[in-house]
Amino acid sequence: MAAEDKREILLEVKNLTVDFKLGRRKFSAVDDVSFHIYKGETFSLVGESGSGKTTVSRAIMGIHQASQGDILYKGESVSGNMTGSQERKFRQSVQMIFQDPMASLNERAKVDYIVSEGLYNFKLFKGEKERKAKVERTLRKVGLLPDFASRFPHEFSGGQRQRIGIARALIMEPEFLVADEPISALDVSIRAQILNLLNKLKKEEDLTYLFIAHDLSVVRLISDRIAVIYKGKIVELAESEELFRRPLHPYTKGLLSAIPLPDPESEKNKNLLIYDPSIHDYDKVPPSWCEAYPGHWVLADERELDLWRRR
Amino acid sequence: MSDDAFTFAPWNPEAAEETGYSHYSYWRSTFRTFIKNRLSLTLLIIMGVLVLFSLLYPVLASVDPNKVALDSSLWNRRPDFAHIFGTDGLGRDIWARTWYGTRTSILLAFTIAFFDVGIGVVAGALWGYVRKSDQIMTEIYNVITNIPSTVYLILLSYIMKPGFWTIVIAMSSRGWITIARFIRNKVISLRESEYNVASRCLGTPLNRILGKNIIPFLVSIIIMQTALTIPYSIGAEVFLGFIGLGLPLDTVSLGNMVNQGRSNFMLYPFQLTWPTVILAVITVSFYIVGNKFADASDPKNHL
Amino acid sequence: GETPDQYRTTYATEVKTLNYFLLLDTTALRVAANTMDGLVENDRYGKFVPSLAERWDHNGDFTEWTFYLRPGVKWVDSMGQETAWEVTADDFVEGMRFIAEPKNGIKNVGIIRKVISGLNGYYWDLVDIDDGVDIGKTREEALASFDSSVGVSAPDKYTVKYTLDNPTPYFLSYLVTELFFPLEKEFLDSVGAEDFGTTKEKLIFTGAYYLADWQRDKEIRLAKNEHYWDAGTVNVGEISLQKVADDSIRVQMFQRGEVSATTLQGDQVKALEGTKWAENVFLDEKSSVTYWFAMNYTSDNPEARAFINNVNFRKALYHGIDRAKLLELVNPYEPEALLRNTIIPEDVIFDENGQDYTDYPLLKEVKERRTYDRELAQEYFQKAVDELTDGNGNIKGVSPGTVDMLPIAEIKADGKLPVQILFVHPTDPTKTREALLLQEMLRDTFDGQVELVLGQYVDDKYNDTIKPRRFDLLYDSFSFKYADPMAQLGRLVTDGSVNDGQYSFPEFDKLVEEADGKTSLTDRYEIFSRAERFLIDNAVIIPWQAGGGAYSMDTVVPFSTPRGGFGVTRFKYKGMILQQNPITADQYKMLEKAFRADLAPN
Amino acid sequence: MSRYIVKRILQSLLTVVIVVIAVFLLLRLMPTSGYFTRDDYINMTEEMRSAYLRNLGITDPAVIQLQRFFAGVFRGDLGRSITVYPKLPISTILAEKVPYSLWFGLASMFISVTLGFGLGILMARFKDRWPDHLGTAYVVAVRAIPSLIYLFLIQIWVTGIMRWPMVFYEDRPVTWILPVVSLSLTGIAWYGIWLRRFMVDEENRDYIKFARSKGLSQKYIMRHHVLRNAVVPLVQYLPVQLLLTIAGSLIIESIYSIPGMGGLLVYAIKQQDNNLVQVLVLIYAVLGVAGVFVGDLLMAFVDPRIRLAEKKKKKEALRV
Amino acid sequence: MTETREKILRVEDVVIRFNLRGKELTAVRSASLDLYKGETLAIVGESGSGKSVFTKSFLGMLDKNGRVASGNILFEGENLAEFTREEQWLKIRGRKIAMIFQDPMTALNPLKTIGEQIREVITLHRGMNRQEAREEALAMLGKVGIGDAAQRYGQYPHEFSGGMRQRVVIAIAAACRPDILICDEPTTALDVTIQAQILENLKELQREMGMSIIFITHDLGVVANVADRVAVMYAGEIVEYGRTPEVFYDPRHPYSWALLASLPQLGEKGEDLYTIHGTPPNLFKEIKGDAFAPRNPRALKIDFEEAPPWFAVSDTHFAKTWLLHESAPEVEAPKIIQRLKEKSLKGLDYGS
């Protein structure tokens, strides 16, 4: 435990709230969310559609403004106004992999440009030759052929496109990668390629990931720690196996029970748990963020915490 | 079938990555798609020949389109060998005038289209991309589009001296905004698209985002708008001629010719017919060719 | 067959007002001419005959004229109903009072200010008062002095008396102008001077027709006045004036029977050659309107100014412009017939001996000459060039520069030959073609040394062109107002109201003044003819063509309407006879012959 | 909703005011002779003219003039024409002319919409077959060839063949036909091409495919799904076009001698009748802006997605 | 067991071609399939393998540029492949065979109320009057788990969440009481929790109405949940089919192996997942031999020469691969698949 705490915290999200305006009304897509990510780990955020996963990741990337709270990268705040050099450093070392490989590549630019876009922005090469070499190296790293550089995105299959997107991030030699559902738009048979690639990079390049998905079976495979987010609030956070072994929050349980398994027999006997938020009685005492077991946090009130622990 | 058939074949995962497509070039595909359509190709050729001829005619032929005949027997001559399209009420050669007029009208239309589209694209891209500009640009748009175009054209051509540049200024100072609006709508839909978000995450500066991520997607709109502006400008010149604010007399333009021909149409139909036919062929060709080219420039239609 | 009961014709621009004292265009003139009668009128031979006045007399030196009204004539309203008001002598006094009020802005009043005694003083007093000049009277006092100071009075209900400053034997020719029309005071008070004539309800009538309908930009309809004192001579029940702004279809409309008359341009006549319509085209009578070329002596364009102020150059133009050629555009067959070499028209002014003013020797010579002479023109031009340039084609005293005559034109004066002259014309197609032809003609005659720069005014010649002096050359016109050379020559003196070129020739001014002092017509006309000859010899202005004389197709039986060179007469339809089919040229010639024969004994 | 309406109205007013100010300033660029009738101008001395202008208030600072103008408008006083119809109250002129343009406009709009929709349906129905090609040819011709030419030829030829009068007479119904038809030509093309486009778009939508898979007949789908939905986006434009029918058509009113509003503005500008120009621009701007506004409201009315736009997002946000 | 059940649909060697700007694209290459009454058949396969096109042809819903080039689709004694006129299809669509499409967001007309959209099919197919149809529609809404049906009836699609919309779509399709219901990836756009609920609804309906379901998906978890039998499709061909346990526990085609093996659920932390390299074949080109061969590391030489025929694994289980040929070398399925059964039973039994 103590040893763990010595790990370097790469990113810290403190009480993050992101509001959106809907007409004249405001609502919080992300509501007072806190977590941190250690260097070298894969931290996953799961939750149903619309729960605010993307919003968290975009707030980290500075695409959405945080209404409240702070985001610290290597101890420096990146949510407010950064200085020019801070921003440059941040943009270089933090990269994002996008969900939809169809939409996230500029259709009218060649792969060569797409991959080297960041290099251009930060002038990370001396001459055309060096740039070309970098592009080639990176393409190879993600398992693409170097001569793809002269082609347009639409000539590629979904998996190949996604790898182009990853190459675009990798070429910047980032330390931290935000991956917002990088596989959900892909075909089953291709997902594995990407997951393998991400794993390989983690090992070889010592990358840190914030991994977002709603597919828990994937998350389990890839992540060190998992946070479950529900309607803008994190309801449970634990080490990956711990969470699967001992889910506490009813929402987490519902989520786990709904995962379809590629096994006819277990599916036959499937027992679907449907989460009903009205079981909580938060009117008087609002829930708090408690550590139910070491490193296993859950959002609950005293009574619930007791009850869930007992089971 | 040899037994060999049931042994493993050599396998190379890299080869499996190869995609089926050949090297692709946007413009080549656009052009190839375009020329597949026989109608538009024909019209393009016709248009090209007409435009080329009208540009070359003044060089090739020495007939002065403004040469007034003092001999009244040369006035209003029906088409014959000396004057292929006949002569007008002052003995000016309609054939020569038609080509000079075509040249003027085309130059005018191209100039207007150039400014309209040029300003419109830049303004529209900024309008769509820079959120802060939206309110003010929208108001400018509302204002400009709510001043009736006739008021505007007439006021300007009245305040300034009627002439080529007056028409250009009058048309372009107004025309750009509709194009800008089109562009803006498109840009807005592009602005939030994932690949732009990706670029922003990579810290790409605005000018390159516009140049690389936005403008290339507007090619078909740009072509379309250019194609629409050209016949529209030619028509506007005819209209201005009708209300007496067209190009000056010594400039031969299709607008002038149509208006002159019109007043004598019942008497000397040929004076209206030929300029009109040429004009119609040009405007219709531009319209169709432009549309088809815009279609062709949409990569969805490439194969 | 039956004769039609409706005469339909067209007009191109909407009338601004139908206040008959304020006639701005021929459409308003047409309406006034047919809805209002004055004291006298012209019959179809041009003779002055009684109208609202049954008879009249004058004193020996023509300074006092007394008119005796026809009793019992009632004003008629726009429903054709008689009103309670009778036409009385007071109405004529009120009419004069109305036009004498500067605030009413009656434009032609200048013509009679110096004729009616006291009118000039009265008018300017009011103007001075309005301008804040202290003349020792209040406005009320000045207004009150009208009856005592202005030479018009109503001794009794049916007698109108005019007192004139000078002997005026031609006074009757004034009376057919709108300025002498009556005005019913009570009616005027009821509608207000401001609104008088702005709608049909705001008018009442004394003429052969009343204004039955006035729909702006569409139609003006006149219906026969059943209560007219001379209703028996009115043959056509309705006159409809339709606005057709786009006149390219007018001939077509005539051929399809939609209108009863049309005029034709030369092209149109040519195009009818060989069709059945050819025989329907005839040449209308010329009018007393004269067109001439005006030159701007004070132009901003230094090149043109230098040349125009040179008599040799003006003469070169005088001889160099082939006016008949220009007229071929409107009359391809006999363009010469339309030419007019004098300023005062022929056939309108006669001295005591019945001699036509234009037949006075000095003018007769001018009248009969051919002005176009290419060699002579070139000779004069050479002289002008010798005088005005340094021999290398540089015009003396002219430095290069841009002359701003916007919005008409902008001239890049280079101070070299060819001399650039700004010729301004309206936008209508015929005038444009005329301009282009003139341009080519001058280029041809002067070997390219005279270059017309063409400029167009869009709408209003006076405001756009003459007033801001944005022209070098222009064709101008004037209508003839009364039967004396003074009517025209008096306005062409230095600072005269139609001296659009702003020249100043003291010799001419002196001659005019001298002539105007003469009471003997022969003396008077003799001196006027010298003055006129001076203008022509020095090519101060260049007379060009007579008004009227257009090719026409019509269903009006020729010579059935009143005839005369002044005022509203030409536009009167009283007595007009229509026929079913368009008249033919032969018919016209035959009737003309008969008419001339009838005319002779008169 | 009502807050939204108020906000939109204020915004529209702002636009109108800016438009009027813009034109107002443009008009100041024209010579002041535009404030005189020709005769006034000739007869007046320089001093009288400047006194007259002072009287009219033309020499006042633009701000004050504008204020006066808007105050007048607010009181319902549009002022009087100067040169076009000297001294006539502008309200009278409008009262005379608006009905013609309006009736012609309405008639032609009716025809444009019915025939245009017919054309659009036909083209969509027979997409890529000859009715579609023919329709396209028509649309292209109408759009690309200057209207002046074909309108004029229609007038000459049709009246000749049908032996109809060449110009418009109020009391002869037959003379209404050509102007109305001429006015409708572009409208038909416009509605036709857009309806076709929307219908074709609509036909490719998933819910149309789903409707077909439900076994609904082609005809039923066309009528109850495709057409209905395709018309919706067009509805937005109807009010502007309806309101702007008042503006009339310059060319058509000119060639058929219709005493409508079409030529008025051009004429007023040429005659420098600044008062009249000012009022007309105000009217057009108001109509244009109001049309867009009503169009938006109407759109919200026919399209449930828009009407409930605000509520919907709320719900979605609240929903699990 | 199989023989006793009634075959409701027989599809034989269907070839479907599209004409794309002058080029011919073969989307379905000789696919066959039988459907029994009351069963659920799942078709799996990767994107673009022709699943949708294939099933759309049963309804005559191919895009205009497509056609059934050959083969038979036998249903109730008629060959649907020979239908040419729209009226013939109208008798089939909806009332006999109905279809549910993938995206709940777009399958409903946004401008009509939910009620109208259900009612119109009920009046059309069941000849009920307005009132009866309304009652029936409300009942249907209830059956697919939409509470408050009476109020929901008059609302527009945008007032529904994605999951509810998809339920409405199901309600519409089921309201026709078809014999066969084709569900084309009806839950891919939805959340796992909602997906699970909708699958329950579907099964419920099937039990109640006794219809046969063809279920298209690429999610093997979903297949495991709903299907009685599975057909695996690759590049326009069905390459393997059999009862669900047979295909899951004893797959024979290399593509089926690859598909199952690459499932993340089977992954071992820290180990690479099995992957399929390369891209699917170009459908414009003629495919020689086994379409999967270029991507198959264990392809035989004959795979590049000649297309494999059907080989029977059992009475109910067939696969199209040369590996089942007697002269083929012994090739084992990837280990991970062999472990599927045990693994899924053990490790994935999340803590309840």
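Observations on the model:
Each chain gets a letter, A, B, C, D and E, in the order it is written, and its residues are counted from 1.
Quick note on the criterion: contacts are C-beta pairs under 8 Å (C-beta built on N, C-alpha and C of every residue); 3 or more make two chains touch, one makes a residue touch a chain.
Owing to the predicted nature of the structure, the values given are computational and were not obtained by experimental measurement.
Path length between subunit C and subunit E in the touching-chain graph (shortest route): 2. Across A-B and B-D, it is B-D that has more C-beta pairs touching.
Subunit B and subunit E have Cα centroids lying 50 Å from one another. If you average the Cα atoms of subunit A and of subunit E, the two centres end up 32 Å apart. Averaged C-alpha coordinates give centres for subunit D and subunit E that are 53 Å from one another. Residue positions 248-249, 252, 458 of subunit C are each in touch with at least two other chains. Annotation for subunit A: residues touching 2 or more other chains are 48, 157, 160.
Of all residues in subunit B, those that touch two or more other chains are 17-19, 158-159, 244, 262, 265-266. The touching residues of subunit E, counted against subunit A in their complex, run 46-47, 162, 190-197, 200, 218-225, 227, 244-245, 248, 258-260, 262-267, 269-270, 272-277, 279-280, 340-341, 344-345, 348-352.
Interface residues of subunit B facing subunit C in the complex, by the touch rule stated above, are 66-68, 70, 72, 75-76, 89-90, 158-162, 244-245, 248-250, 260, 262-268. Subunit D meets subunit B in the complex at residues 14-16, 18-19, 22-23, 26-27, 29-30, 140-141, 143-149, 152-153, 156, 247, 250-251, 265-266, 269-270, 277, 280-281, 284-285, 288-289. Residues of subunit A that touch subunit E in their complex: 48-49, 157-158, 160, 187-193, 195-196, 199-200, 214-218, 220-221, 244-247, 253-267, 270-275. Listing the residues of subunit B that touch subunit E in their complex gives 1, 3-9, 11, 13, 15-20, 36, 303.
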